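Below, chain A partners chain B and then partners chain C, in two separate complexes.
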Partner chain A sequence: MTIGVLVDLMLALALVGLSLRVVTGRALFRDIVLFILFGLVIALSWSRLGAPDLALAEAAIGAGLTGALMLMAYRRLVAGGAEDVAPRRRPPLLAVPVAVLTGALVALIGLAALGVERVPDAAGTIVLEELGASGLGNAVTAVLLVFRGLDTMLEMAVLLVALLGAWAVLGEVHPGRLHQVDRRTPLVGALLTTVAPVTLLIAVHLLLAGTDAPGGAFQAGAVLTGCGVLLVLTGTVRPRAAAGLATKLLVIAGLAAFVMIGASAVALGRAPMSLPGTWAVYLIETAMMLSIAVTMTLLFARARALEPERA
Partner chain B sequence: MTTEALALLVFAPLVAGLVVIAAPRRAAAPVAVAALLTLPFGLWPLTLVVWRGETVQVALAGFAPPLGIVWRVDALALTMLWLTLVVVLVVSLHALTSFPPASESGQRFWPLWLILIASVHALFVSADLFNLYVTLELVTLAGVAMIAIGGKPAAMRAAMRYLLLGLMASLFYLLATALLYGQTGTLDLYQVGERLDDGALALIALALMVTGLLVKAAIVPLHVWLPAAHGKAPGPVSAVLSALVVKVALYILIRLWFWSGGAAGGDGAALLLGLLGALAIVHGSLAAITQTRLKMLVAYSTVAQLGYVMLLFPLASTAAFRAVTFHMVAHGVAKAAMFLAAANLLHALGSDRLQRLVGADQRHGVNVLAFALAGVSIMGLPPSGGFVAKWMLLEAAWRQQGWGWVAVISLGSLLAAVYVFRVVALAFAQPKGGSVRASVGARGGGRFDTTALAALLLAVLAILLGFASAPLVALIDRGLPPGMLP
Partner chain C sequence: MSPSASTLPGDWIGIALLLLGCAFYGAGTAGLLRFPDVYSRLHALTKADNQGLLLVCAGLAVLARSWRVAALLGVIWLLGLMAAAVSAHLIARHARHSGSRRTSSEERP
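Entry: the complex of A and B
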């Protein structure tokens, strides 16, 4: 038994154990923390399965951002005096049948999948053969931007629609009513002066590396969101009542870049969504990273726009 | 020419949506109207090609499947695109008044509306399982956001429930897509159909996908989210949700079943789907009869009318395919008219409680007329589009000696007559004394504006479909599923 198998076994056990703890837990806060941990273990599992792009995305979005959103929601629940935060006595009635059915489904799929053979001319295989023609070194980025750009463009529309929906139900925003944080304390000061620039650096690195190595706009955008969340939580920025032109442009940048390049191909007599070169990949990815980061930060802050807090 | 036309259908509303977000408010109306008016020019060249019996195919970015995604327009897709065009143009006319683009509410409505149109187009032309997943997500999410747009608690609750159930359905669909890809190495609808073996894994994948789509299509007993979501949404949103958004899931289901080897599920599965449809017809109609609010009644009527589409699976004949496709168009137009009329009455009367409708014909005659005309089509009375659809469906069931289906179809029409006449009778009832006159039309009412015009236009179209059924049937016949003969 090699060390790799041992690690895999531990990851598998940890996943099952953590998910059990999350759903049977009696305290909401601990459940959230365990859920974040669960996300990290999933990220590790992806990297063990040879999918570093997924691992990065899972760590940044699944564990990081989702966790931050849940903690924020928890904070609002507590602040609102919700009684839901009190420990639950017993699981809801449907929990057991749902768990049993899900388990049975997973077992069934697992058993049935054992007999499936690898398809010789699968799309994934062709991607690796055609990778050279795309001008990119990372197969995942090539699929997302070059081979199946339409999917990614529409995913950016999904993100935009989510924000528009959140804005529609947001109601009145009272400017400057976010967090009172004393920024002179050592912890907050250190966080801001070291972590913020480092996240920025990592985000840009992930973006640029994404063309040839694991990374890309989604991971970079998620990391950049971490920077935004930090600015929100430390009270460095505060909500504004309405979104200005700059915010709107940032929010639509990713989709707009994709749409303009994808549609202009038609005007030039080429197939829709053809990219004119590697520069277009960089342009779209940069715009996407900014849109993702701004959108997610605004969703996190429950705001239409943010502005620097004048201390 | 067809490539440009296809690109126009997807990109024009999308670009307009982005411009409306970023541009000054006064630019919103001209931009939106301009984008909407270009859509017929996108649809026309496609129609010319499909009418010749050909199929339009565009490989996106020039990559053929399995590597890339293909847009593919055959007669079925084109029929749905035409339904989309008609409904969207007329409902937009309503929305220009009910959500003025320069107003606060309009600024929320129009970007979502334009993106929704683009995503419905992108869905109908897509021939790729994963791309269909993304477009279905986009359509659902835009629908959810538009239900919640008014910010009323009841609408927010309905939107939340729709969102959660819709997400669960999406996960089923996504899991199934992954399983199908694992087996076939492709995501292209038609290649999946060619390569799929009918093993256990294929059956699991198909069952998951069908379940997910049944939730999105609100087929009984997975319809619990629909009545509140469609009933509490603003008028134009209800109209497009019932006319188009639930239909997209049924469209994918039909594609999957007849084009991608879904029929491998066997006769048992087809019968089960048909029985669910029958249950939907009976349950939805009975629930509509017992409603006390107009918009909820119309929403339950949608639950019932969607059931007819499910009868296609057990019947599985050319005649049934023709009938069901026609029914999707006829119901889409009539139901959009009905929801617009109901929303107008709600707006004018201040409430959509059925009792408030007494005497509404005097002050809101146009809307009552629109509702009644749309009701004629929903009931399936001649000479409406609904009549042609139900008649063809009855004939299809009759020819196969499916007496049970014949009984269900007839019962459904009978029950539809009960709930439609209940509304119409109340609206034409004589108010007692003069007391009602004061309450009716509290907000001016009576005025013949574009909102009433939109409802009436769609209602008249729903009737005209009955007279002009020949070209539509001819179009449908040009895109029958593989193995079905005209």
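Entry: the complex of A and C
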């Protein structure tokens, strides 16, 4: 497959070139756009490496949501009087040895990785052998929820801590409009009425498909966040000063579902974090999807809670 | 993509559609880089790239030889069309409100 090698080579060169431009560029807006592009090329690379789950997550979270967050931050920076183009500064002297040593380290790891022999009973092999016992068809979902559930639970904790940290530094929220685009513009109204339900459909599909095919709570949550971002930008929802009970429950749902099912396993005399069946996988994934979507939308909106805007 | 034993005549139609789609994308990108003002650049992007997306989707549908995949690609094309239409509309609106002028034919180099 020579054309495949050519595509891989192009992707690798694009990654190196884009990352260099993102790091060395001085025009803020262009760097953000290039970073989004970088995320898309990473997503393509993951799919070329045969990891569609990661490709989906990277495209939705790495390129889409992170890009939206950065553009929002850029808006605030520029509105606050920041300059788009940073002045040229001499790099510190330490930069050269750090760059050389980092490059050497990466090259060393790469060379070592080339020489590594395949371990016969690596964790991945065991997962694939035991996949049938997990009742799931998608090895990635099986690892995330069944084999390494503790890691995923802690990821939800990290997300919760991130939101709490953002809330701590948020200061006073002025309940009011946040939107950038008037939703009464005919085309924007049409986009909302079509795309909002479609994103819901895609999110639920990704969640259900995740047990047997690429997809899962993270991808579904990211797509749902896209819907949330759309609602925030069009002013369909507006920030509220304080989080109500519903918001708090939604934000901790993912972590709580994990903890309750994982701990009840101990109470019932099974191994900690072991799941009682496929229904538990669906339950945890649904809770995770909701938590991810609500947390990310609140981070994007810079709000403690959101409520519908009465037209 | 070298012709192999499994390549059907229909596959060549799919490949031709893909290449034609790429040509439209190339034209749209050339327009984005070369046209003088926001409006004509948007024109190039929305017209040529949506046509390119249609051709790429059609090519992939022919290659996939499955009605289900073809229908899904059709939905993808419609969603892409809608996203392009709305974002181009918003960019043009913003450009007009912030006073970006159309370059007249005399001013063009």
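Descriptive notes on the structure:
Everything that follows uses one rule, which is that the second predicted complex is superposed on the first by the 286 of 311 C-alpha atoms of A that agree within 3 Å, B and C clash if a C-alpha of one lies under 4 Å from a C-alpha of the other, contacts with A are read in each partner's own complex, and residues count from 1 in each chain.
Methods note: a residue touches a chain if its C-beta (ideal position, glycine included) is under 8 Å from a C-beta of that chain, and two chains touch if they have at least 3 such contacts.
Please read these numbers as outputs of a predicted model, since none were measured by experiment.
Superimposing the complexes on chain A yields a three-chain arrangement in which chain B and chain C fit side by side.
Touching more residues of chain A than its counterpart among chain B and chain C is B. Once chain A of one complex is fitted onto chain A of the other, the partner contacts of A:3 are limited to chain C, with no touch recorded for chain B.
Of the two partner chains placed around the shared chain by superposition, neither chain B nor chain C is touched by A:204.
Once the two complexes are overlaid on the shared chain, A:195 sits against chain C while remaining clear of chain B.
In the superposition on chain A, contact of A:187 is made with chain C only, not with chain B.
Of the two partner chains placed around the shared chain by superposition, chain B is the only one that A:162 touches, whereas chain C remains out of contact. Minimum Cα separation between chain B and chain C in the superposed model: 33 Å. Annotation: chain A has no residue touching chain B in one complex and chain C in the other. Looking at the complex, you find that chain C touches chain A at residues 1, 79, 82-83, 85-86, 89-90, 93. The part of chain A that touches chain B in the complex is made up of residues 105, 108-109, 111-113, 115-116, 119-127, 130, 146-151, 154-155, 157-158, 160-162, 164-165, 167-169, 171, 245, 248-249, 251-252, 255-256, 259, 262-263, 265-266, 270-275.
Across the interface of their complex, chain C is touched by residues 3, 181, 185, 187-188, 190-191, 194-195, 198 of chain A.
Remark: chain B residues 3-4, 6-7, 10-11, 14-15, 18, 21-22, 58-63, 65-69, 108, 111-112, 115, 118-119, 122, 130-131, 134-135, 137-138, 141-142, 144-145, 148-149, 151, 156, 179, 181-187, 195, 199-201, 204 touch chain A in the complex.
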